[in-house]
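In what comes next, chain A is part of two complexes: it sits with chain B in the first one and with chain C in the second one.
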Partner chain A sequence: MLRYTFFRLVQAAFVLLVMTFLLFMLIGMMPGDPVENMLEGNPALTPELARQMRELYGVGVPLPVRYWHWLTAAFQGDFGFSSLYFRPVLEILGPALLQTLKLMVATIVLSIPLSLLLGAIAALRPGGWMDTAISFFAFASISLPNFWLSLILIIVFAVQFGWLPASGTPLADNPSLGLQIYHSILPVTVLTMFFVGPLLRYVRASMIETMSSDYIRTARAKGLSETTVIVKHALRNALIPMVTVLALGFGMLFSGALVVETIFGILGMGKMIFDAIRYVDFNLALIGLLLATIVTLVSNLLADLAYAWLDPRITLK
Partner chain B sequence: MSAIDTGLAGIPSAPRQTIWQLRRKRFLRNKPAVIALAILVTLTALCVLAYPYSLLMGLDPNETNLLMRFRPPTATHWLGTDSLGRDVLLRLMYGGQVSIAVGVLGTLLTALIGILIGVWAGFLGGKVDAFLMRLTDVVIALPMTPVLIVLGAVDLSKLGLSQALASSPGVVFLRIVVIIALVDWTTIARITRAATIEVRQREYVKAATVSGARHLYNVLVHVLPNITTPITVAATLSVGRIILFESTLSFLGFGIVPPTPSWGNMLTNAQELIISAPALAVYPGLLIFLTVISVNFVGDGIRIAFDPRSEK
Partner chain C sequence: MSVATPALEVVGAGHVAQPDRPRLLRVSSLSVSFPGAEGRESEVVSELSYEIAQGETLGVVGESGCGKTMTSLAIMGLLPSGAKVSGSIEFDGKDLTAFSPRQWRNHRGREVAMVFQEPMTAMNPVMKVGQQIAEVLVKHERLSKRAAFGRAVELLASVHIPSPERRAQDYPHQLSGGMRQRAMIAMALACRPKLLVADEPTTALDVTVQAQILDLMLELQDTYGTAIQFISHNLAVVSEVAHQLMVMYSGRIVEYAPAEDLFANPLHPYTQGLIRTLPDIAQPMAELYTIPGSVGGKRPSGCRFSNRCPLADARCREAEPALREVTLSHHVACFKVN
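== the complex of A and B ==
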């Protein structure tokens, strides 16, 4: 297990290194000129320093050479300046990551019980009307464009009824928790709607399979009540594979968060990456995308480890 | 075609009908799937009629008229006009052509990449397989939308294309298809690999191999015809996903660029107009939703119809 973990960590580090190169190349092919962007972003640069930087990075220097400069600096903890925020990129990263994590945690906390409940109800009588209704809901969930759902919710709840704010960020300087939650209702609803569908389809399929297994028949034969059988025996076992789905869903949720943050004006990772790419903030886009990759890589690794830990039949090698 | 599934067609429960008749019967019994297919055919037909409709009504999808902004529905403009005075219905029809075409072409390219990688990995096994599957894992682990945006932001003129060519509608369209396929092939690759491994171990492939058949021959003659079912199912289900990708990218401004309409980019400015013209924010999204959910229901119907276990 320890050896496996170590192997996976090395592999993840390698993948990350390859990703830095690929992303650097891609971002380097965005419109605009990186040196110019960097100069714009750092007001402290005098023309003399600017000349030196041009020499150092060299506009005519091919991308791979620039990548090498970036990589050596990055290993010393220098990820450069943001041309959009006029600050070192690392200073912008922390608060943005926190915002996104808040959104994602709220979504996951809501989605898990909801998908368990709906999935279990649907699995009780496959083909029944409840199952049909819940399956339709799941299809709707995976088919809804989340940017459109955001717009519709804003039109209905913010514009027409005026019940909820259209912005995901409170205007106050130090908003109370209540105010933060109030502003998060619409964005979290959109993300939950987007996340519940795949999860509940998984729970349903897993429950139907579990319900026909021998130990469920044994539990019933022992005379246990149907609730005990479903909650204590079936649902618990159906939960194990869900760890993997959750982790894979993490990347999906991150993608969803980008759209939702952009529409609701939440200064999270998604909006940061979006703005960085739109305004060609070379350094910020790169670090944002790398961090997003790290988050998904780590969640996948944790999922595999948790899977082995929860299910004694699985051994990792 | 019948050669593909002779093993199944021979089972006693299905006398005197081919596997395709059986599948069609199963699909037609699935009410939601049939309704969804009808919706899909209708929507596609309506979108295809965009050009005749524009001639009939004397409208142009890109002609702006600032005196005609935000008109309510009239006899000429059935769904009214948008912020630049263009006919909304006509733009929805043209936009639908773009969205559906991206969905179909994107799926074909996705399937092509996925099948190549899946068959290669599954048939050769060993180190090649391990490498390709790790590659698949990595692509799956990528944050999809951010990566698509970066790919969408790449300036093609820096890759050697002339400025005019790089921004021509045809190139912009193809680029969306290509970048979506670049990130979406993983599902089909995994399914293809699993199916290939299963077929590779069958007796007749082994027999062919000992008789001196080359890999390419085996793949073309034995493997590919026998793995069409799972690939068809997976491909149908990816159409919806690809349409969603395209609309999201176009909405964010990194996909189909105006004045070419797409259901996604028709919503780009909708946020500023939700107070003055909320209807403009409703139609395109509703059409995306309707199309994607229909495709998904049809895909599910095909999956059930193709599954030998679903016969009751």
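== the complex of A and C ==
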């Protein structure tokens, strides 16, 4: 297990290296000139200063050369400076990543039990009215766009009733946990709605398949109660394919979080990457996207470890 | 499969019927049907009546799709939802058809247990073997988990699994097919049920392992006095273990008799056909006999075997012959038998 984890981490590091190259090239090919942006924002900038700035930012230097400069600096711990915030990018992205992870973890913690419960109930009587209702909910969850649902919830709960804040970020300097949760209710609801639908569809399908398997018949032949059969025998088996879906869904959730953050004004990764690309903040966009890559790689590794934990037939070597 | 099974010499020699035992199971006029397309019902078991005495083995033989498995599931109360059952199943004086789900749960696993065909899929892949056996004891004998696991180890030893302590900690995939079937038998016999329903318990196993499992079942029957309903499509296998034999065709009993009687004097053309399909060790090069046609598809009118029967005439295609006793305890459903 340890050896496997180590091997996977080495593999992940290699993937990350390749990703730095690809992302560097892609962002480098984006139209726009960061210095042009600064000139627009600050008419006092002289042409001489602009030339110096361009030299500093490496505008005009071939991309592969720039990549090499960036890489050597990165290995020395220098990930560059944000042209938008005038601060080292890690200083900006650290808290932003924390915000996004909070949002995602809250969503996942809510989504897993919810989708298991709904999926299992739907699978008990396929085609029954509960199944129909739950399937309808799932399709609504899959079809409703995030931004639309966010706006509707803001209109209803923040504007009409005034029960919940429209903003995802508390105004206080050091907000209490309760206040943070209070402000997270709407964005987490939107993300959970977005995530539960596909998950519960998979749980349902997986449960239906499991419930018709031979060992479920064996369990019933022992005289076990239906609850024991479902919880002890079916659920754990049905969970195994769920791990893949969760790992793949992680990336989807991340991109979902980007939209939701933007709408609710949460200073998370989504807002950072969105702004970085919009205002051609090269370093910020690059590191932001790399952090997203790391999050995905880690979630995949966790998924493989979870497999081995859930299924004794799998040994990691 | 049948080519390599025990040869004909042993047929009918396994067990001798003991007629004076008290009755354990009585099935009368049992029919099972499923709702089909356009409101039509398809009957998979029709008007089945038979009995099993305590400690006795009834062999049920027939091709795939003849209703063998549905019959055993009906006895276990495990028919798929949607199945319609009529007739009565009397077990040890209790009418099972009147059972509530709760009564069924107390009945299954304690009074009657089942061994399935596929030992590969019949066990939960993510649960330890010992735990799966212990579960029955926790449910019916109210043992603690720890005590039940200890008993599970003893049970694994009783079905001759080597190093049972270690095997109890294994997961099903770590056991061979034969060992898994042994473990299934240990699981079924955990609460010493009065009746064991074995649905093709040896079909998925290697021939040498088949013989071992059959020996084990006979040994345990002697020890515990368990009655067995042994379902198989393989006459040679059934002949080794059964006192009584019941031949089914297309949901009906066509012949029902003491085992040695049925082998010595098969009356129904279908039974005769089945026995002829067995390979004969005296003529190793002879081409194997096959009954023409196949079971399933549209049922012919009259006798259900009439479209494959070499003797069928106009009467067979019009009316369905009833099961009648022709000699003592030998029942057959055929117009052509006097």
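Annotations for the structure displayed:
Simple rule for what comes next: the second predicted complex is superposed on the first by the 279 of 317 C-alpha atoms of A that agree within 3 Å, B and C clash if a C-alpha of one lies under 4 Å from a C-alpha of the other, contacts with A are read in each partner's own complex, and residues count from 1 in each chain.
Note that contacts are C-beta pairs under 8 Å (C-beta built on N, C-alpha and C of every residue); 3 or more make two chains touch, one makes a residue touch a chain.
Because the structure is predicted, anything quoted here is derived from the model rather than measured.
On the superposed chain A, the positions of chain B and chain C stay apart, so the two partners fit side by side. By the touch criterion defined above, A:215 reaches chain C but does not reach chain B. Shared-chain residue A:89: touches no atom of chain B or chain C.
With both structures placed on the common chain, the touch criterion links A:233 to chain C but leaves chain B unconnected.
Residue contacts after overlaying the shared chain place A:251 against chain B, while chain C stays out of touching range. Looking at the shared chain after the overlay, A:207 reaches neither chain B nor chain C. After overlaying the two complexes on the shared chain, residue contacts for A:243 are found with neither chain B nor chain C. Applying the stated contact rule after C-alpha superposition, one finds that A:310 touches chain C and leaves chain B untouched. Residue contacts after overlaying the shared chain place A:297 against chain B, while chain C stays out of touching range. Contacts of A:225 after superposition: chain C is touched, whereas chain B is not reached.
Chain A has more of its residues touched by B than by the other of chain B and chain C.
Draw one line from the C-alpha centre of chain A to that of chain B and another to that of chain C; the angle between them is 80°, to the nearest 10. Of all C-alpha pairs linking chain B and chain C after the chain A fit, the shortest spans 8 Å.
The residues of chain B lying in touch with chain A in their complex are 32, 134, 137-138, 140-147, 149-151, 153-155, 158-159, 240, 244, 247-248, 251-254, 264, 267, 270-271, 274-275, 278, 281-282, 284-286, 288-289, 292-293, 296-297, 300. Residues 213-215, 217-225, 232-233, 236-237, 240, 310-313 of chain A touch chain C in their complex. Here chain A touches chain B in the complex through residues 11, 15, 18, 23, 26-27, 29-31, 136, 139-140, 142-149, 151-152, 154-155, 159, 248, 251-252, 254-256, 258-259, 262-263, 270, 273-274, 277-278, 285, 288-289, 292-293, 295-297, 300, going by the rule given at the top. Contacts from chain C toward chain A in the complex involve residues 76, 78, 104-110, 113-114, 116, 118, 121-127, 135-136, 139-140, 171, 173, 184, 187.
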